[in-house]
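What follows is a pair of complexes built around subunit A, which joins subunit B in one and subunit C in the other.
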Partner chain A sequence: MTGSIKEHYDSYVKNVTPTASTLKNVWNAFWIGGLICTFGQLLLEGFLALGMDKDTAGYYEMVCLILSSVLLTGFGIYSKMAKYAGAGTLVPITGFANSVASPAIEFKKEGQVFGVGCRIFSIAGPVILYGIFASWVLGLIYWITHYVF
Partner chain B sequence: MIYLKAFIVGGLICAITQIFIDKTKLLPGRIMVGMVVIGVILGAIGWYDKLMDFAGAGAGVPLSSFGNSLWKGVKEAVDKEGFIGLFTGGFKAGAVGTSAALIFGYIASLIFNPRTKK
Partner chain C sequence: MYLGEASIEYQDGVYIQGYASIVGEKEGQGPLRSLFHDVENDPLFGGDNWEDAESRLQLRIANTTIREAGLELKDIRYVFAGDLLGQLIATSFGLKDLNIPLFGLYGACSTMGESLSLGSICVSAGHADHVLCMTSSHFASAEKSFRFPLGYGTQRKLSATWTVTGGGGVILGNSGGIARITGITTGKIVDYGCTDKENMGACMAPAAADTIAVHLSDFGRCPEDYDKIITGDLGSIGKTILLDLLDERGCRIEKQHMDCGMEIFDSEKQDTHAGASGCGCSASVLCSLILKNICSGIWKRVLFVPTGALFSPVSSNEGRSIPGIAHAVVIESLEQKG
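The block that comes next holds the complex of A and B.
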């Protein structure tokens, strides 16, 4: 079992680990990442134009980006993009969606609970844990400094 | 103009991360965790919202924005509900991104098959 986790992780790492020269990697990450953000801006402006407030438009933008990324992941296109763009596809929210969908698809043969159910969190789990924990710690400091003293 | 700013700032965040990956060989999972934690910290000191005002989706689309949302959720909940807000705010603020990724990811696992070349 640990072998297959490692294999999957290694292949995922291989997909996003650069093999070419650094300058080319950085340029590819720049323009692909920039393009994904520009696409996000386009969605945002579109939803704002429909009369939504800023928060709601942002939510719909996020849902659209995540859906696009999951579809590209399903068709095997996102991993090809990641090979080329590195951090350009890893850093945007689409990279997070890819890291959720990719192991879910990959491990469906291991069953609904221990396959899909566990592996879907293999990257999302740590991201959620440390995000929630960090915001809790800073929130605690905020609460103490603003409301206790 | 906002599109150009989104392109350049978003691209720069990705490019800086790429340099970081090339130098440190850190794995993607660690990079993502790092981005979210950095987002929380930059949110708490009030820089991230300024960057979002300037660059729109250029700062809103990178994963660090998720960290900023978590922080804002906790802060607003603490302001509104007091101590218990520390436990309600984060998940509420992260709900849309997390739910969408989990729900669409799960549906994708029902529809698509793995593409491993064996």
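The block that comes next holds the complex of A and C.
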């Protein structure tokens, strides 16, 4: 008797499960992510105005964004922002800082080596690994196209 | 006396002699706030870390339950307890100083049903005068074990449920008491191939449907024989699926059905999405709303069916599905004989 639902269980479940509004998610990601980037741009302009060259101003900007994200993570605010912003807080460098700071805080109780040390990159680790791997692949392609052809 | 496929009916009484529930701050702000024995606003329960917090919660539940039953530690022959953490560390570290023989149980969020089942078998067989059955869960320790660090910025799906910080304990004995356990139906592992750990209701609903159907068939009863049929933590999506699955078997329980996961929070105001989950969800709702209504005679006979999703982060990463399990316990008020 249960045959019919059981046979198409995945599609049945999909039908009865509500999904979040993509439009709303995209809008929130756009304006909150945009706000973070605008803040970054303001920092950059500020450092340039202090007489720094473009590279140095960029480094200081990144340090400030990372610091702000880590502080907001520590005070439990970043995760609340991310609930609304989604990709808007995930994609900028602040999202990467959050993914490193949050396990460090969570696993601190398990010690500096097995807690913080082993777990700090539990979320960011794959990004680092595959980011480096992707850059190596692109480097290889560049090398082939540059020297072979 | 064993019945049908998977049930036991108790001829001699197994009595509920006392119960207690302790919950965290968020649960204490929910619709059942006035029914819990204690609400603790410190998420760490005075402990050093989340696991320690849950251990302290377990110990407090044990002591409060024993006190509520008018008993002392030495009166308890066995404890049947469990939690969600790896190797049951909340239970083992929380209860180690009680010095009472312990059966540590893992049935995921169905553990309260499992502990009441085994406890009632033990009492019914005359192996103990008093046993303590209890479980707990903690939002933060569960998030840490099964999802992401608390500070990590991520979006929860609408089908996700919120793990209850809290738990409940029940003292079972062979005399007196305030309510009776008159039968149990033990659940099988049921797997419909669901893999979404943010949709636990869909993973567990087939198990709940199976246990309820088997129970009704084993006891030769219909849903109308119960004032309430109460599942553990299916949430709103799981509830829809459960009703559809049972409807397909020709069994309609929408009038009797209630889900603990939909009672403990106000999902709109408290932003808990599909509902609540965790061992502590069914345990704390049992030891507040349900037993209060049974003891006061508002409900004469209730089928309590905690539901569990049997997975670990490892099995999930390895791409395995998430099977469910559900254990049914018949609880009756003293005014009605089974």
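Methods note: the second predicted complex is superposed on the first by the 126 of 149 C-alpha atoms of A that agree within 3 Å, B and C clash if a C-alpha of one lies under 4 Å from a C-alpha of the other, contacts with A are read in each partner's own complex, and residues count from 1 in each chain.
Keep this in mind: contacts are C-beta pairs under 8 Å (C-beta built on N, C-alpha and C of every residue); 3 or more make two chains touch, one makes a residue touch a chain.
Note that the coordinates shown come from a computational prediction; the quantities given were computed from them, not determined experimentally.
Colleague: First (subunit B), second (subunit C), both or neither: which does A:13 touch?
Modeller: A:13 sits against subunit B and subunit C alike.
Colleague: Pick one for A:123: touches subunit B only (first), subunit C only (second), both, or neither.
Modeller: After superposing on A, A:123 lies in contact with both subunit B and subunit C.
Colleague: Could you look at A:65 and tell me whether it touches subunit B, subunit C, both or neither (first, second, both, neither)?
Modeller: first
Colleague: Does the superposition put A:81 against subunit B (first), subunit C (second), both, or neither?
Modeller: second
Colleague: Please work out whether A:5 is in contact with subunit B alone, subunit C alone, both, or neither, and reply first, second, both or neither.
Modeller: Touch status of A:5: second partner only.
Colleague: Is A:96 touching the first partner subunit B, the second partner subunit C, both, or neither of them?
Modeller: first
Colleague: Of subunit B and subunit C, which one contacts the greater number of residues in subunit A?
Modeller: Ranking subunit B and subunit C by residues of subunit A touched puts B first.
Colleague: Which subunit A residues come up in both lists, the one for subunit B and the one for subunit C?
Modeller: 9, 12-13, 16-18, 25, 73-74, 76, 85-86, 90, 95, 99, 101, 105-106, 109, 123
Colleague: Using the touch rule from the top, collect the residues of subunit C that touch subunit A in their complex.
Modeller: 48-50, 144, 148-159, 192-194, 196, 199, 202, 206, 209, 237, 240-241, 244-245, 248-250
Colleague: Provide the residue numbers of subunit A that touch subunit C in the complex, in ascending order.
Modeller: 1-2, 4-6, 9-10, 12-13, 16-20, 25, 73-74, 76, 78-79, 81-83, 85-86, 89-90, 95, 98-99, 101-103, 105-107, 109, 123
Colleague: Which residues, counting only subunit A, touch subunit B once they are in their complex?
Modeller: Going through subunit A, the ones touching subunit B are 9, 11-13, 16-18, 22, 25-38, 40-45, 58-59, 61-63, 65-67, 70-71, 73-76, 85-88, 90-97, 99-101, 104-106, 108-109, 116, 120, 122-124, 126-128, 130-132, 134-136, 138-140, 142-143, 146-147.
Colleague: In their complex, what parts of subunit B are in touch with subunit A?
Modeller: The touching residues are 2-3, 6-15, 17-22, 25, 27-29, 31-33, 35-37, 39-41, 43-44, 56-58, 60-67, 70-71, 73-75, 78, 82-83, 85-87, 89-91, 94, 96-98, 100-102, 104-116.
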